[in-house]
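The two complexes that follow have subunit A in common; it is paired with subunit B in the first and with subunit C in the second.
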Partner chain A sequence: MTGATYASVLGLAASVVLLAAVATLWRRSLHAIVRALAAQGVALAGVAAVLGLHHHDPGLLVVALLVLGAKAVVIPLLLTRVVHVDPTSRETQPLVNVPASLVAAGALTFLAFAASRAVTALVPTTAGRLIPIGLAAMLVGFFALVTRRKAVSQIVGVLLVDNGVALVAFLATAGVPLLVELGASLDVLLAVIVLQVLAIQLRSRLGSFDLDQLTELHD
Partner chain B sequence: MLVLVLVVPVACAVVCGIAPWRRALGWLGTASASAVLVLGVALAASVVHGPAVTGMAGILRADALSAFMVVVIGVIAVLATWQGVRYLDGEIAAGRCTPRHASLYAVLVQAFLATMLLAVLAANLGVLWVAVEATTIVTTFLVGHRRTRTSLEASWKYIVICSVGIALAFLGTVLVYLAALHVGGQGPNPLDWTALVRESHQLDPGVMRLAFALLVLGYGTKVGLAPMHSWLPDAHSQAPAPVSALMSGVLLTVAFYAILRFKVIADGALGPPFARTMLVIVGLLSLLVAASLLLTQRDYKRMLAYHSVEHMGLIALGAAAGTPLAIAAVLLHVLGHGLAKGVLFLASGEVLLTEGTSEIERVPALLQRRPLLGGIFGFGLIALLGFPPFSLFVSELNMLRAEFQVGLGWAAAVSLVCMAVIFAAVMSHGRHLLLGRDQGDRRLPTVALVAVPLIGGLVGCAFIGISAWPLQPLLHAAAGIVAP
Partner chain C sequence: MSASSLAGAAAAGGVQVVALAFGAPMLLGVMRKVRCRIEGRVGPPVLQPLRDIRKLFRKERIRPDQATWIFPLAPVLLVATVIVAGAIAPLVTTRPALANGSDLFVIVYLLLTGSAVLALAGLDAGTAFGGMGSSRAVTIGALAEPALLVTILALSFGAHTSNLPAIVHATVVDPGTLATPQRLFALGALVVVIVAESGRLPVDNPATHLELTMVHEAMVLEYAGPDLALVTAGEAMRLALLLGILVNLVVPWGIGATDGAGGIALGLLALSGKVLVAGSALALFEVFTAKVRLFRLPELLAGAFVLAVLGVVSGLVVR
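Moving on to the complex of A and B:
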């Protein structure tokens, strides 16, 4: 891969990760939100694959396949099963409405660029310059987590944060050691399974995915 | 030997998972916890004066600090699994728990122990992260084991908040890795703790500052430090008593252990002031939050949970002081708090089982109606409030002394004010629970099965308070690792 193609393909894949995160704020249908998450998984695997090809690192290609399997296929499938329990459920009333959320996503992206100067200074490579995009995707995930009120969108929020961190890890260090990567992927997968089971139990207890009803425990 | 420490609980989990449920399997869990404790003591004896032990191709490593944590985990696990037998008896008798469910509980408790042990024995900071994240996953189902609406709510908040917190810790770990790669840490394992400590003075300060802040926030979520503590009172009050005892008594401090390990690296890269400032901020915030919320508590399990927030704040302040004396006191406090809080959660589980409510208002005059259980509860509160002869008195005193020595006297003064408020709040709740006016004749004897481990725990806590001799060399060696 020549330098110019490498830079543009990597930039494209990283941007798709952020765009997919923003798309989860924009869409109201839970199906569409899960699809955006799957798209983010594909883009994240793309980043790992491009870096693997560029650095001639077969380990990273294996990781790319793992990410593709877990984050673009298995996890979205698990979430689709949750959505199917109550197909009419939509994110109708987020705490911050959609246009304001999109403005906030823009502001968070600026914040990410400002906050990551110390890191980008240390990694003056093509990949290093893209690190703020990963941080921005993570911050958008936080935002989704605190403003969205359905169980499914909260799980997606957790995964957006996780994918954003994973993107930073790929761009900054071309991936953490394989052993840690394996452990981390397994943890995420198990966490999603636990969240899926809990979401379905919540649905059967509360009659909806609405987390606003979770107010029994307080001081 | 390191591998064996992990194999014991894993093997026990497998047995509990395969064999059909019977009561003896509960006792097998206690046997496994005791084996961990014995192995932990043996480990401590071998590393206290000698070099660190490694195992499993360098993935595991134990120095005095790890060995001390293994001992703490072992002690609390023995108490909690012992009481676990009683918890399952009660749930099965009340028809809330099927045999399959009981097996699941036994398997998860052992898996919980194994993940905590892996966290404190990991040589690699990435593996440490994987293990701490795994504790969240395993304990979520344990928090929701009673499957009530409130316990479901607690487990949801718990896993969502802790997963996000731990994601921040992962980002922090990645940044440390980046800084290590940058100084040519190409060794076989750049995330190896010993290698990082060796190179710590070369690590890029800008990146390390960001990394340590993220790590304190991330692992701090699991420690229950304010402002990331909001899951803690819910999860600790809803979980079955033995699980609360393990979560409050050891899981919080296992997460704090991770912060201590990173503090050594951050101190090398940035000098002590940065880590000190971070820890003072979160420590004081935790104390303030605990003091203000304890005043209005109506639920005794939530009261105990907020009390954990207070103690984690004290530990953070002690670690902020960072002298060898302070770290030794922090570690002694970890053990003392684990014992006292473990005993209190187990006793509160027994109260909940027999009285059917966790509201302070509706459980009066415990001392009169159930002298033994009330007495244990009372002595537990006295231990937790830092009275002699219990070890928390010694450790709190030494932490405060160390804080004054390094110029954190103002923080120590603020913490003393908070402790006074908490003291008053807990005393008034405790007075109602223990003395109060007896409104009926609900007198119940306390089963020996319950009383033995609880009294044992309190006696242990008093014993190490009066004479720390068996622990002195170990505490000294462990403190030397964090504060050379």
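Moving on to the complex of A and C:
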């Protein structure tokens, strides 16, 4: 891959990761949010694959496949099943309205850009320059975690943060060891399965996925 | 600038204005035809909007009693601003008339002047519908504005200038810059803003006259005869101009880089083809989409704004 194409494709894949994070704030339907998460998984796998091709590292290509399988297929499928369990609550109820969330996402992006100046100076590669994008995706995930109260959106928020961390790791180190990525992916997968069970239990006890109901004591 | 290139630029500007004046209503006709065919209807002939405009021009001039000088001025100003913008925008050639003044900011604010005067005219007649339409149109415009400004900023990264012919020319010279993230984000935001500014679905339904939903139609409800003809033609030309600028930013191939008659003819042919495809795609999209509730519009346009911000950030990051 030539330098210009490499930089362009890598930049594009990293930007799609951020775009998908913002899309989860934009859309109201939980189905659309899960789809955005799947798209983010594909883009993340794309980043890993591009890096693997550029550095001629077969291990990274395996990691890319792993990321694709876990974050773009299995986890979204599990989440879709949770959304299907409760047909009455298919929309998020954001604490901060959507336009304000989007403006906040824009501000967080600039914050990430300003805050990661020192880090990008340390990693003067093409990939290193993209670190602010990963940081921004992480901050947007935190924001989703804080302002969205449905169980599914909370899980998605956690996964957004995880994807952001993974993106920064890929970009900063030009490749995570296969074993580490395997451990991290399995960890996240396990967490999602546990959260899925928890969410379904929550629904059967309280009749909804709304986490605010957990602040009161029930019989 | 030498006399010959001045003449060439003037010829290009003239060709662009004439093409816009006759092509825009036909584009509207094609879009309606596509929509009707997909919905299983025959639809009016492609030339129908042109015929409508001709018919309206022959009708009696009727204006509201209470209207002031703004009311007759607005349609003229609308058409005039679109014509000026159409003459200087890089539609058939990257060297249009007054290329140095053909800045994105200039074109955007020329078009905005027309919209603003039209909104004033909607208020001018003093009717409830006109005021409601103007208020809604101005609200949408105010929401689209920040997105548009940031989009321009993101677009100007590649060519290091906001001069539109220079931006298009830079992509013709180096097609590799077409697929950079900042550009794709900016173009995505631009599509949303263009849909909002030209009053198409899902922002405004141009075919409706239902009180609760109409935006643009409510604003121009008081117009009749030749005034309405000017408003209709101006709106059609604005849509065609915006689509023309968009397609030349997305796929610049075919645009004339020389002043010669051959280059202009080729550019005209390429532009017609590209705009027809873009218009048909827009009509196709409109078949499958519903109008967004007015109070959900800020979400849509804030989405465009964030898309543009992401474009700027990627422009700062990816170099």
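Rule of thumb we're sticking to: the second predicted complex is superposed on the first by the 212 of 219 C-alpha atoms of A that agree within 3 Å, B and C clash if a C-alpha of one lies under 4 Å from a C-alpha of the other, contacts with A are read in each partner's own complex, and residues count from 1 in each chain.
One rule holds in what follows: contacts are C-beta pairs under 8 Å (C-beta built on N, C-alpha and C of every residue); 3 or more make two chains touch, one makes a residue touch a chain.
On a predicted model such as this, the values are computed, not experimentally measured, just so you know.
Colleague: Quick check for you: in the superposed arrangement, does A:A121 touch first (subunit B), second (subunit C), both or neither?
Modeller: A:A121 contacts subunit B only, not subunit C.
Colleague: Which partner does A:V168 reach: the first (subunit B), the second (subunit C), both, or neither?
Modeller: first
Colleague: Return the chain, subunit B or subunit C, that is in touch with more residues of subunit A.
Modeller: Greater contact footprint in residues on subunit A: B.
Colleague: Figure out whether A:L130 sits in contact with subunit B (first) or subunit C (second), or with both, or with neither.
Modeller: After superposition on chain A, A:L130 lies in contact with subunit C alone.
Colleague: Return first, second, both or neither, reflecting whether A:A4 touches subunit B, subunit C, both chains, or no partner chain.
Modeller: Second partner only, subunit C.
Colleague: Applying the document's definition of touch, where does A:R205 land relative to subunit B and subunit C: first, second, both, or neither?
Modeller: It touches subunit B, and subunit C stays clear.
Colleague: Output check: A:V103 vs subunit B and subunit C. Expected answer is one of first, second, both, neither. What do you get?
Modeller: A:V103: touches subunit C, not subunit B.
Colleague: First (subunit B), second (subunit C), both or neither: which does A:A184 touch?
Modeller: first
Colleague: If I apply the document's touch criterion, which positions on subunit A are contacted by subunit B in one structure and by subunit C in the other?
Modeller: none
Colleague: Using the touch rule from the top, collect the residues of subunit A that touch subunit B in their complex.
Modeller: Checking each residue of subunit A against subunit B gives 115, 118-119, 121-123, 138, 142, 145, 151, 154, 158, 161-162, 165, 168-169, 172-173, 176-177, 179-180, 183-184, 186-187, 190-191, 194-195, 198, 201-202, 205-206, 211, 214, 216-217, 219.
Colleague: Show which residues of subunit B lie in contact with subunit A when the two form their complex.
Modeller: So the residues of subunit B touching subunit A come out as 59, 124, 126-127, 129-130, 133-134, 136-137, 140-141, 144, 147, 149-150, 152-157, 159-160, 163-164, 167-168, 170-171, 173-175, 177-179, 181-182, 189-191, 204, 206-207, 209-210, 233-234, 237-238, 293, 296-297, 302.
Colleague: Over in the complex, which subunit A residues touch subunit C? Could you list them?
Modeller: Residues in contact with subunit C: 4-5, 7-8, 11-12, 14-15, 18-19, 22, 26, 98-99, 102-103, 105-106, 109-110, 113, 129-130, 132-133, 136.
Colleague: Which subunit C residues qualify as touching subunit A in the complex?
Modeller: 176, 179-181, 184-185, 298-299, 302-303, 305-307, 309-310, 313-314, 316-319
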